[in-house]
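My questions will all concern the structure given below.
Labels for the chains are A, B, C, D and E, by order of writing; each one numbers its residues from 1.
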Amino acid sequence: MGNKKDFGLYACGIALFLIILPLGNVLGFVSGNTISLWGRYFCFAIVALGVDLIWGYTGILSMCQAFFFCLGGYSIAMHIVLKGATASGANGIPMPDFMAWNQVETLPFFWVPFQSFGLSLALGLLIPAAFALVFGYFIFRSRIRGVYMAIITQALALAMWLIFLRNETMLGGTNGLTDFKTLLGLSLSTPGVKLGLYVVSLLTLGIAFWFSRKLVDSKFGKVLQAIRDSESRTSYTAYRVMHYKLAIFIVAALLAAVAGMLYVPQTGIITPGRMDVRASVEMVMWVAIGGRGKLKGAILGSLIVNFLYSICTSLFPDSWLFILGFLFVTTVLYFDKGLLGMLETVVAKLGSKRKPSPQPAGHEVMQS
Amino acid sequence: ACGGSGSGSNQESKKETVKVGILHSLSGTMAISEVSLKDVVQMAIDEINAKGGVLGKQIEPVIVDPASDWDLFAEKSKELLLDKKVSAVFGCWTSVSRKSVLPVFEENNGLLFYPVQYEGEECSTSVIYTGATPNQQLIPAAEYMMSEEGGGYKKFYLLGTDYVFPRTANKILKAFLLSKGVPKENIVEEYTPFHHQDYQTIVSKVKQFAAGGKACVLSTINGDSNVPFYKEFANQGLSAATCPIMAFSVAEDELRATDTEFLVGHLAAWNYFQSKESPENKKFVEDFRAFCKKNNLPGGDKRVTDDPICWAYTGVYLWAKAAEKAGSFEVSKVRPALYGLEFASPDGLVKMDMKNHHLAKPVMIGEIKPDGQFDIIWQSTGLVNPEPWSKLTSPDKDCDHVGHGGTYTVASK
Amino acid sequence: MNCIQKVWLVILLSIGIGGGAFAQQADSISIQVAAVLSPPNDTARSQALRYLAAQKDPATFPLLAAINDKKLYMLDGKPVTTGEAENSGGKEVFTVFYLYPQNKEAADKLPADRLQKVEISRSERLILNVVLPYLNLTSHDPQKRIMAYGQLVSAQDTGKIAILAKALRQEADAGALTAGKEVLFQLKLDEAFSEPEAKAYIDSLDQNWGENVGLILKKYAEEGNVVSARAYAAEKVKSLESLQGRIEKAQNLFSGISLGSILILIALGLAIVYGLAGIINMAHGEFLMIGAYTTYCMQSLVIDTLGVNSDLYFWVSIPASFIVAGAFGLVLERLVIRHLYARPLESLLATWGVSLIMVQAARSIFGDLTAVKAPAFLAGGWQLMPHLVLPYNRLFIIGLTAVVVSLTYLMLYRSRLGIRIRAVTQNRTMSACLGVETRRVDAITFFLGSGLAGLAGCAMTLIGNVVPDMGQTYIVDSFLVVVTGGVGKIAGAIVSGLGIGFLTKVLESFYEAVYGKVLILALIVVFLQFKPRGLFPDKGRIAED
Amino acid sequence: MNAPILKVSSLTSAYGQSTILWGTSLEVKKGTVTTVMGRNGVGKTTLLKTIMGIVPPKDGTIEYNGEAVTKLPVFKKSRMGIAYVPQGREIIPKLTVYENLKLGLEAVSDRKAKIPEDEIYTLFPILKDFRNRLGGNLSGGQQQQLAIARALTGRPSLLLLDEPTEGIQPSISQEIGQILRTLARERGISVLLVEQKIDFASPVTDYYYFMSRGAVVSEGSAEEMSLEELQNHISL
Amino acid sequence: MLLTVKNLSVSFGGVHALNLSRFNLLDRELRVIIGPNGAGKSTYLDILCGKTKADTGEVHFDGHSVLGKSEVRIADMGIGRKFQKPSIFPSLTVYDNMLLAFKMNKGIFASLFFKPNQEMDDRIHEVALKVGLQKSLGKVAGELSHGQKQWLEIAIVVLQDPKLMLIDEPAAGMSDEETEKTGELLLQLARQHAIIVIEHDMKFVEQIAQDLVTVLVRGKLLMEGTFDEVRNDQRVIDSYLGRANVQLENF
């Protein structure tokens, strides 16, 4: 790995996102909306890191990351909504408006802990982690893998989505939760808070990246790749595959949950639409487009795809699907290592005058 | 296929423009209904521009696609208000999408013209509701079904898509039916998710329910679930004769290319039907066809108008008239100028309420004909005033932006 | 001779007397009819209408109904009304019905300009309010007649039984006859005052087995006039209910099979492309959509362009949707998939992109809504027994599925082509080394898989929408079917398709649709716990990674 | 003089960037067994793959029966009569033994051709008993037998064998040796054998090539080679 | 006794693949199993390492029952396996393949905080040299030739340092010289480990069979004896070695 090249990439990223954009915002030539948008893309990038860890490195195609994302998101959203609640329940605890409309008399028990910010934060991490632990335990214990894994997680996401859609679950149904006012006493609509959330998201992304980097560079990361290559060989070499899978599943769920928590106050709404089957598939797409099995690729992919999604739905409202579709197809056909791979190829080509690259690119031709 | 057709007729491009946003899903589940609204808003803008624009400025539409994704609705509305700095936004169909953009509009002092019938219980400063409130659609329809003329139905199956509008609508309907002495066991409520396709089980439940006779369905099914629902209804041998469906979200546009054979005789309640006979309406329908044909929109001159299309169109004119009246595009000036504003819509003269951001308009009930049009079988006498807070479920609340700044609690007697 | 026939005879005899009464008035009625059609003076029409309304002669009902519907016309001096409009040679023509003295359909269909409209004022129409409940008794539409019979129950008119009976004598439609008889028996039962009489009517109601019989008898069991017959009614109610329960079970079973066969039909193509070729084709649903749009295009082509108004289009659509969707699949394979056989995961991405493009393309070309007319031969259902109707379209889908599954099975497991397909998908290079032209086999495989999806799309037009993103609706479900069946296992797909379809329906009848679905998903998760490789897993060494 | 059925001239081939064969040349004469020997990783398998067309040659030519077949797609070569028994067997795992054999018929242009069952089952009786078992479930040696049988089903005129006796029990491996001799001497089928075991190679071979690092370093006919010489060549 | 097996049987869809009445192995014994193709040799090793579940029988290793345990548990107990068809980590480098195999604490946290040390590195290089992969340490394992993969897999098992090594056809695809080298390596390993080797190459078997040779035929134990006993047994010659034992004559 060319460390110099990496350094350049990091430097560009930091300069652009940590200095130019925030400064531009403070000086007024970058709108608050742009800041919020990028803040949200960073959240997506955090999820993408998780997806890359579990799919790119471990080879487990999990199609329920969006669900974990929403678990995190909902817990913060519930807290914010409770803080902004005007109606009041029979037991005197404030109650979100939508419950009042639905003739709910008292705040449901599972809403109660979300009055406290600390508890919300804790639950926002604990619930997804517990979910991943229990669900993962059963899946991995019975050695479900490959497509079976993909479909079973998709089934989970689908079932959860259906449940969240229901009004009876007291989570706002299809509408989800919206109308957020304050977080920790700070008004979410002020530019300062928006910028703050942006910076927090960026820093969290940085930390998540650093953490993931450490993870995959450690022997733990190699075991993950070994599992991807040959699960049985990994077992025969005395690694408890299930523990590793479970651990990385939980890590990925936590990353998704953290991202969800940061996403919600910046977006102002969370609905079950964020966790439907499409949402999870799209998360996998980001990683694949950016370059599977490379952490930078995951970040790059999620930022670029979401950025394109935003601008295309505005610039080409009638044809953005064509554009995005063609992007996907061509990336896959011509840049088989994702955008990052493409970038590296270009860089390598430019630098090849100095030293020829000995990297073999072939793959197993015969395989049974 | 039709990008930029709105500005196509903008001859003097140098002229100053005023931007408005169009926020309708052009893809995803709701595109089926919302694309036509985008089209008609563009048509209204073209018409106004051709007549010289508003306050001497040409209107420049900014079209975005929120893709039936509620988060994206919020994001796009932010973009329209903050980055594009539009003076007004015409958009949304489902109440979910409206609720998701509501905080954005309120926070950033935007103005949203919302053209679809909805469940009420809302009274936002930032929204002009040109669609019907429950008392302008739901209640008259239920009343009609119970009347001798309407068939004297005694059992009601409330079937809807699972989201705010149907939930709230059914809450109100239930309250109304109970107040009219319909026993509890004669009312059934059921919901299906968006995009639900398989109605076998539900229809057989309806069939059992209807076995006693004198039963009807009040449907708030939205979007593309309707066709399979009606198809299954006919398949299992139910018909308008044995158990009619009164729909609140099925209009001509949804029936446009549908095989209407199995829909004939079922009912819908709206404030406008394309079949309304009046010269203004005739012109409106023809204009819309011509517009779609000219711009090569799918369907071309086979396109039809319907209630939301009519009110989306009306919304643009209301905004333009109010801006002229206020002499400004500023939201704080346009908003009060809207109060009491009258407009000769394709549906006849309609009038903005003096204080609650809604529109007074006629109510009609139509029977589906084989050609996908409606036979108007009942019509209210005169305009019905909007009641955003239903008297049945929220007797203590009312909406007044002049005297109370929005929703307020009525002093109880 | 059973009870129902006895009662029927009695009633018909009694009608003979009533009928005679009508006959005496026939002359004066035709005079009044003439007065309505061409009134000598301003008040004459009102008077005539008032007279006719008072007489309540069923023979005049068609005429009066036409007046009420504002659809009374004159054709060569005879009163007529119009039925359905129809397009013939670019011109709109109507079915025409003569109204009086006889109610019958005219031989020719005529354009509107051949008819003269008879304008009748609103106030004149309001005179007919008293006979309103009866007017539809003679409608051409059996549905309207059924409605009319139903409305008679609550009509406050002593003469209604006679009128009803007279109308029923002409009733030709079986469903309407049942509905009408039910009303008749109900009214008679209400009038009955002796126990044997009441019981006879209860029997008649029971045997006639109309829609509302349960309710009627239940009510009678509680508050019937003849107290001693109440218990008898209650008994009948009980046996009816248990019968109803069984019918419901049968209906559920059928629904399950029918949903299952739809899932199988979709999953079959998926199983071939995914299970055999290893390509995760996210655009599979879009081939379904192509099949549906092909059917739509065929309909437009055959009916609108060629002007052949028959079910022909549907028969053409079946092969056409297979071929068109297959051809698109072929193009996709040539352009995209071919480069991805060594990288199946990437195929997921590329086909996702393709699916976006295809959905948007459909939207741009067709707009958001189109629908296919159900062919006439599939309208209605097979009445297995009263109250148990199996819709023809569902039966057709079940049949189609059975045929397609068998053919696919034979092709895959009993032919050289099948061996080639399976060999290539398992080991492309080695197959080539053995002389298999892999490119062609790949193309054929994709053609078949996509074509099957197209066929499913054609079938789907019978029950659902034709919208650009229709493919997404069933795709997750059919993935579930493929996976629970065991990837690449046709038998697995069949069993799991039927299983999932059936369970869905059973659970839906206990819970709301959504919870039924959630339960199904939960069951699948649990199922995979025990069978992590599906229903029919590969056994032994080949199962290893 | 016996014309070569296969003539490979200065063949170069590579996996992506890394070149494995550096201008290899060799000949197989009709009705002879030609053996290629060499240590692990010198490129023997790559040579066969390149001849077959699985790995596209970067340079050099391949002639078969006097025709240039360098650029021909794999399946065409197979249909011209070149059969390949790869290292690692490459049985189609989810086809039955019989179906695997049937697949061998793909190389025969006569569509009505049948599997020469008698012949094959006398050579490998186990395949008859296991006709309906899935190929992937066979034991390693059984799979190797199947792979050879499958190649013979296609009635080839040139057999490319990559370590055919790997994992096969001694008695059968002897028989395979005899079969190869019979095929070459009596039926005129030519064989290009890649083998590392001298015991197996020496009784059947007519001509040797020795490879090292992707190139032929020496060659010679069987008569000229003593056992010691052979061993010396290989350990080069 | 390190390993004792009683009445072990397994069948696949009605076919008895293995029906082993008894099998005992001492600590540090090198046992060769031979037998015709399909005799059940690989299946036997599959059961020992937990890959295949036995239908009935008893297997005790180092005092613990093996049957019913998962692959990891068995690996933990000290059984290492080399398969007939090479099984390695194709996308990792040869070095990483070896590093992962290295005997150490293999728990999650141990892996997370693992720091490579010189000792390990030396040992890996030492083994690499033995298996002739010293030049390929940086290569991605998937790109090795068939024979090299075999070597790598042997290296993996060696570094795992198990009490019992199960080695399935190590000489397949190797030249005579390399086969001999393998034999030497196995003999050397046998000083510290118990080893079960399956092989068809009789020259190789002769080289390494210092102790007993077990012959399996159609899943059953045919005989157990020294190499000479086995090679001269008529049943073995009939069912396995063939009429003229060319391999041995040439030797």
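The rule we apply is simple: a residue touches a chain if its C-beta (ideal position, glycine included) is under 8 Å from a C-beta of that chain, and two chains touch if they have at least 3 such contacts.
Here's who's who by UniProt: A, C = Urea transport system permease protein; D, E = Urea transport system ATP-binding protein.
No experiment lies behind these values; they were computed from the predicted model shown.
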item: Number of steps on the shortest touching-chain route linking chain B and chain D; value: 2
item: Contact-graph separation of chain B and chain C, given in steps at minimum; value: 1
item: Most central chain, judged by mean C-alpha position against the global CA mean; value: A
item: Pair sharing more residue contacts (C-beta pairs) when C-E is set against A-B; value: A-B
item: Centre-of-Cα separation between chain D and chain A, whole angstrom; value: 52
item: Chain C-chain D separation of Cα centroids, rounded to whole Å; value: 64
item: Rounded Å distance, chain B centre to chain E centre (Cα mean); value: 75
item: Approximate Å spacing (C-alpha centroids) for the pair chain D, chain E; value: 28
item: Touching two or more other chains - residues of chain B; value: 1, 27, 162, 191, 193
item: Residue list for chain D, restricted to those that touch at least two other chains; value: 15, 18, 54, 86, 88, 90, 93, 137
item: Sequence positions of chain C contacting 2 or more other chains; value: 359-360, 364, 427, 429-430, 514, 539-540, 544
item: List of chain B residues in touch with chain A within their complex; value: 1-3, 26-27, 62-67, 69-72, 74-76, 78-79, 82-83, 95-96, 99-100, 102-104, 107, 121, 162-164, 167-168, 171, 191, 193-194
item: Chain E-facing residues of chain A, complex; value: 215, 218-220, 222-223, 225-226, 228-230, 232-241, 243-244, 247, 360, 362-364
item: Chain B contact footprint on chain A (complex, rising order); value: 31-34, 36-37, 40, 101-103, 162, 165-167, 173-176, 178-180, 189, 267-271, 273-274, 310, 313-314, 316-321
item: Interfacial residue positions of chain A with respect to chain C in the complex; value: 138, 142-145, 147-148, 151-152, 154-156, 158-159, 162-163, 165-166, 230-232, 277-278, 281, 284-285, 288-289, 292, 318-319, 321-322, 324-329, 331-333, 336, 363, 365-368
item: In the complex with chain D, residue positions of chain C that touch it; value: 416, 419-420, 422-423, 426-427, 429-438, 488, 538-542
